[in-house]
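You will see subunit A twice below: alongside subunit B first, and alongside subunit C after that.
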Partner chain A sequence: MTRVVAELAGLDMRFGEGAGAVHALDKVDLLVHEGEVLGLVGESGSGKSTLGRCLLRLLQPTGGRVALDGDDITDWPERRLRKLRARMSMVFQDPWSALNPRMSIRRLIEEPLKLHTQLGRAARRTEAERLAERVHLAAAQLDRTPAELSGGQLQRVCIARAIATRPSLIVLDEPTSSLDLSVRAGILDLLGELRAETAVSMVFITHDLATLRLIADRVAVLYLGRVLEEGPTEAVMDRPAHPYTQALLSAHLPADPRERPKRIRLEGEIPSPLDRITGCPFQTRCPLVEKQCRIGRPPLLSAGPGQTAACVRLIDGSNRIAA
Partner chain B sequence: MSLLEVSDLHTHFVTRDRDDRIRTARALNGVGFTLQKGRILGLVGESGAGKSLTVTSILGLLHPPARVVAGRALFQGRDLLAMSASERSALRGNRIGFVVQSAKASLDPLARVGEQLVRVQRAHARRSRREAMERAEAILAAVSIPDPKRRLAAWPHEFSGGMAQRVVIALALVNEPDLLIADEPTTALDVTVQAQILDLLSAAVRGRGIGAIIVTHDLGVVAQYCDDVAVMFAGSVVEQGPVAEVFPRPMHPYTQALLAATPERLRLGAGLRLGGPPPNLYALPEGCCYRLRCDRSRDVCRSAPPLAQVGDQRAACHFAREPAEAEA
Partner chain C sequence: MSHAATLPAPRRFVLPHRLRAWTRRSPLAAAGVLLLAAFALLAVLAPLIMPYDPVAADAAAVLQAPSQAHWFGTDANGMDVFSRVIFGTLYAFAIALPAVALAILVGVPVGLVTGYLGGWTDEVLMRFFDALRVFPSIILALAVVSAAGASVVNVVLVLGLLDAPVFARLVRSEVLALRSGSLVECAVATGNPVWRILLVHLMPNTLQGTLAQAAVRASWAVRLSTTFAFLGLGIQPPTPEWGAMIRQGAEYMVTGQWWIGVFPGIALILLSLALNMTGDGLADLLDPRRRSAG
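Up next, the complex of A and B:
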């Protein structure tokens, strides 16, 4: 196995105190290896963005450990983290809130170069133009402000900023969701090239299962702040072990009106992240739920080579939802 | 009468360059489509094609230097583009629900989620706070926000991307509009929640007979939930018609390229050949705007393409009737 670049151990994140506290991450363990793309999928609100922010220490977790290149950075103050910032970056989920509306696109792309590199003014300018070209932005768009670009164009500005300093770890939060397929393919190509050139590791958060298949080496599935399943992309997507993963994959919409999705419909309430859950977080909607699912927290069990899932029904192989 | 009938819509960005010469970006060039009651129209096309601009033009939400220079947008027979701003805002949020693409950024960061839902109701109807708050809770539940009662008191920044997006959908639906326009309403949602939201929308369309426009890059959403589709390229609708006709037999070469490029069929390393530079809006080519990217382009394409029609399907292309080359 290649070197571990980042490690989350027993990561816990709560927002707020007492009865109103949201338990966004519940003892998450995760490794990111050098040069690997780790895909992160899961229910909306399950803690994917929070996980990404904790990993880059944009948030201070309320429990557990974050390690980068072997250093435990969980409690590092921002002053100390600043030295690391050039080596890690994030593409935020919402490009409209991530960019200063008063800055030109050129300045926005130059900003990380100015903060984290020694490049002079002329070199920064050339580099910004090169980056813009790599994300398929036209040179004429560099002198505009964010309000003058479309959603997909803004998303590409964010990607250009994130790769500007050639970081070793990038968290990309829905980086291609508002791109059409041809631009999306171009961006995925670019990320692939970057990986080949610099061995960058990426955490790629997406709802698009087809994109996941194209880019991710491994996938982790989140639900209500817990990792329910993890493994090599093909294994998880072709033989999903956890009932939630099975339901998720079944809801994919085919792009052909003559084909109908065979969707596993989930009944039941999604538990509130404001409440404590005993047992499996999916128990309220799982078609396969049984008594023991409500008792202890299901451990991650082996579901194949390198694949694990937190479902007690794996033990006797009764974890498949009948089609 | 159609619910919404947009015709010959032109929107330009007019600016002055450094030498004080006027420069015009022709971002919309005669956009036209119709939407009937009880139907969902999917608006698709590459990034920057003018999808968002089309809906913001119709709704009177443009900012300078963008300006509608020509066109009509008849909503229930009344031209939205000829109305006063106050008439239009009386419709918006009430008879017309709008989900902006920048959903999260569009929420008021200083108001609790419940308060925002109450406000939009009371702006358009006489309703007690309590009644409005009850409806707010019901609509949050309808968009699958867990624990809606407690979440009413949350601030927008406490919501995840997809939860904020669902709040914006709830805001657009809470007054039971006749027309819903949603710009990328499900991009931040996982596929199971996406399906729940689209089921909710379909139910409103089929049940109450409203009409909806969904702007999306997700062809699966169009294939499975939309009745009609309009395909945009460089500020024009190049093809439109029922999904059941357009998807199996696209007539326009751009639609053919778009539909051929499903993510399943894309392989890394092969992507770039699909696209090509977006057309320069300041100097659009004469004739067909797709001709510089089109592999069937010939001399005749320098003249404006005629509208070819087969059944309810229409495409603006000189060679629209010729069958596509078999896709590899």
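Up next, the complex of A and C:
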């Protein structure tokens, strides 16, 4: 197995205290390997963005450990983390609000270099031009302001900033969901190129399964702050083991319009994140729910090579929802 | 005429592109800026263009109506009202500008820090400012000026400190709006130290509101400082200050010598109008998100 770049162990994140506390992440274990693209998928409120922010220590988790390149950074103060931020970066969902509207594109791309490298003014300038070219931005756009660029171009600026210091980890929080469909493919192509050229690891957060199939090596499925299934993209997409993953995938239309979509309709309500769940978090909607699901937290069980799922019915192979 | 075509076209004064677009979009604001520029010029050139010494009494020319010799007439001391109105512009600027500068110097950092940090720092400072705002500003300013002594410096200090909460609130609300987007989070994720987030990422983005507000508050400061003088606080007659002149003129209103008070009054209205129109225009011009549309 390749080197582990980032590690989450028993990660817990609660917002607020007492009865009003929201349990956003519930004992999450996750590994990010060198050079891989890990897709994090889940509905809104599943904790996927919180997970990304804990990974980069933009949030201080309430429990568990976060490690980057072997350093336990769980309790590092922001002052110490600041230097580390050269080794990890983030691309946000909304590039319009993430980029300072008063800075030129050139200054925006130069910013991480200015903060983290010893490069002089001229060297930074050359490097910014190289980065712009790398993300397929025209040199003429360097002297514009964010208001003069399109969403897709702005997201390229964000990616140029994210790769500027050659980090080992980039977290991309729904980087394409605010963009037009036509622009999306270009951004995904660019990320694919970067993955092929460098050893950078990416955590790609999305609710769009089709995007994941294009870009991710591995997928982790989040539901109410827990990882329900994890494994190689192909395996999870083609042979989903957890009933939730099966339902999630069935919600997507098949590529062939003649094929009849076999949709699994879910009944029941998503529990409020305010509730303390005993047993499987999917029990309220799972068509295969049984007594055991309500008792203990289902352990992650092997569901194939490199694939695990947190479903007790995996034991006797009764985890498939009949379509 | 056949040779008429060969004549060079008259050179026309062409405004730079963006300024021209802005002038077209908000002609009122452009008029405000023009008027303000005229006042500023008047203040700077006052000693050169005043036809008379503004404080030279002339017993032979007391309470004269506007004429060729005295365009705005003369007051009870025989001083030329026109010269006094022009010189008064200097006083208006000399009080309003430092007062607003002080308000910005105090208010903007407070707004930045409280908006960014939140928590108890925010609570304490904002409640203190709320408490200040409960009092009508004129009464509060009057109380402070009459207690501390009515010097020009005190008037500037009172006006500036009294107005600081306006800028603090404005900047704080803009910082909160920026925080709700990903600007701050992105700056942190890039590894910006706190001072850089405040000064490079937040402050410049609150500048537009601050500048626009500065013009509007300068108008307030001009009016309040003349009010002080009108009420006999601060600058005393025969100093050529508009408020003091209006006070003096008010006494002669009933006896028909209207020019003593009316001309400085008009000057006051025009300057405060110019500042307000400029403020509105600046708010429009400085919005970076509108640049592409301009």
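We take it that the second predicted complex is superposed on the first by the 293 of 323 C-alpha atoms of A that agree within 3 Å, B and C clash if a C-alpha of one lies under 4 Å from a C-alpha of the other, contacts with A are read in each partner's own complex, and residues count from 1 in each chain.
Everything that follows uses one rule, which is that contacts are C-beta pairs under 8 Å (C-beta built on N, C-alpha and C of every residue); 3 or more make two chains touch, one makes a residue touch a chain.
Not measured: the values here are computed from a predicted model.
S.K.: On the A-aligned overlay, A:S97 touches which partner chain: subunit B = first, subunit C = second, or both, or neither?
M.R.: Both partners, subunit B and subunit C.
S.K.: By the touch definition at the top of the document, which applies to A:L115: first (subunit B), second (subunit C), both, or neither?
M.R.: second
S.K.: Between subunit B (first) and subunit C (second), which, if any, makes contact with A:A147: first, second, both or neither?
M.R.: Both partners, subunit B and subunit C.
S.K.: Tell me which partner A:W76 touches in the superposition: subunit B (first), subunit C (second), both or neither.
M.R.: Neither: A:W76 stays clear of subunit B and subunit C.
S.K.: Output check: A:A86 vs subunit B and subunit C. Expected answer is one of first, second, both, neither. What do you get?
M.R.: It touches subunit C, and subunit B stays clear.
S.K.: Mind working out whether A:L214 is in touch with subunit B, subunit C, both or neither, as first, second, both or neither?
M.R.: In the superposition, A:L214 contacts subunit B only.
S.K.: With both structures fitted on chain A, tell me whether subunit B or subunit C touches more of subunit A's residues.
M.R.: Of subunit B and subunit C, more residues of subunit A lie in contact with B.
S.K.: If I apply the document's touch criterion, which positions on subunit A are contacted by subunit B in one structure and by subunit C in the other?
M.R.: The overlap between the subunit B and subunit C interfaces on subunit A comprises residues 93-94, 96-97, 147-148.
S.K.: Show which residues of subunit B lie in contact with subunit A when the two form their complex.
M.R.: 13, 45-48, 52-53, 63, 101-102, 104-105, 144, 146-147, 150, 158-163, 166, 184, 187-195, 217-225, 243-244, 247-248, 257-259, 261-264, 266-272, 274-275, 277-278, 280, 282
S.K.: Residue numbers of subunit A touching subunit C in their complex, please.
M.R.: Spelled out, the residues of subunit A in touch with subunit C are 56, 58, 78, 82-83, 85-86, 89-90, 92-94, 96-102, 111-112, 115-116, 145, 147-148, 158, 161.
S.K.: Applying the document's contact rule, which stretches of subunit A touch subunit B when the two form their complex?
M.R.: Per the touch definition, subunit A meets subunit B at residues 15, 20, 22, 41-45, 48-50, 93-94, 96-97, 136, 138, 140, 147-148, 150-153, 173-174, 177-186, 188-189, 192, 207-211, 213-215, 247-248, 251-261, 263, 266, 269-275.
S.K.: Of all residues in subunit C, which touch subunit A in the complex?
M.R.: 181-183, 185-193, 196, 200-201, 204-205, 288-292
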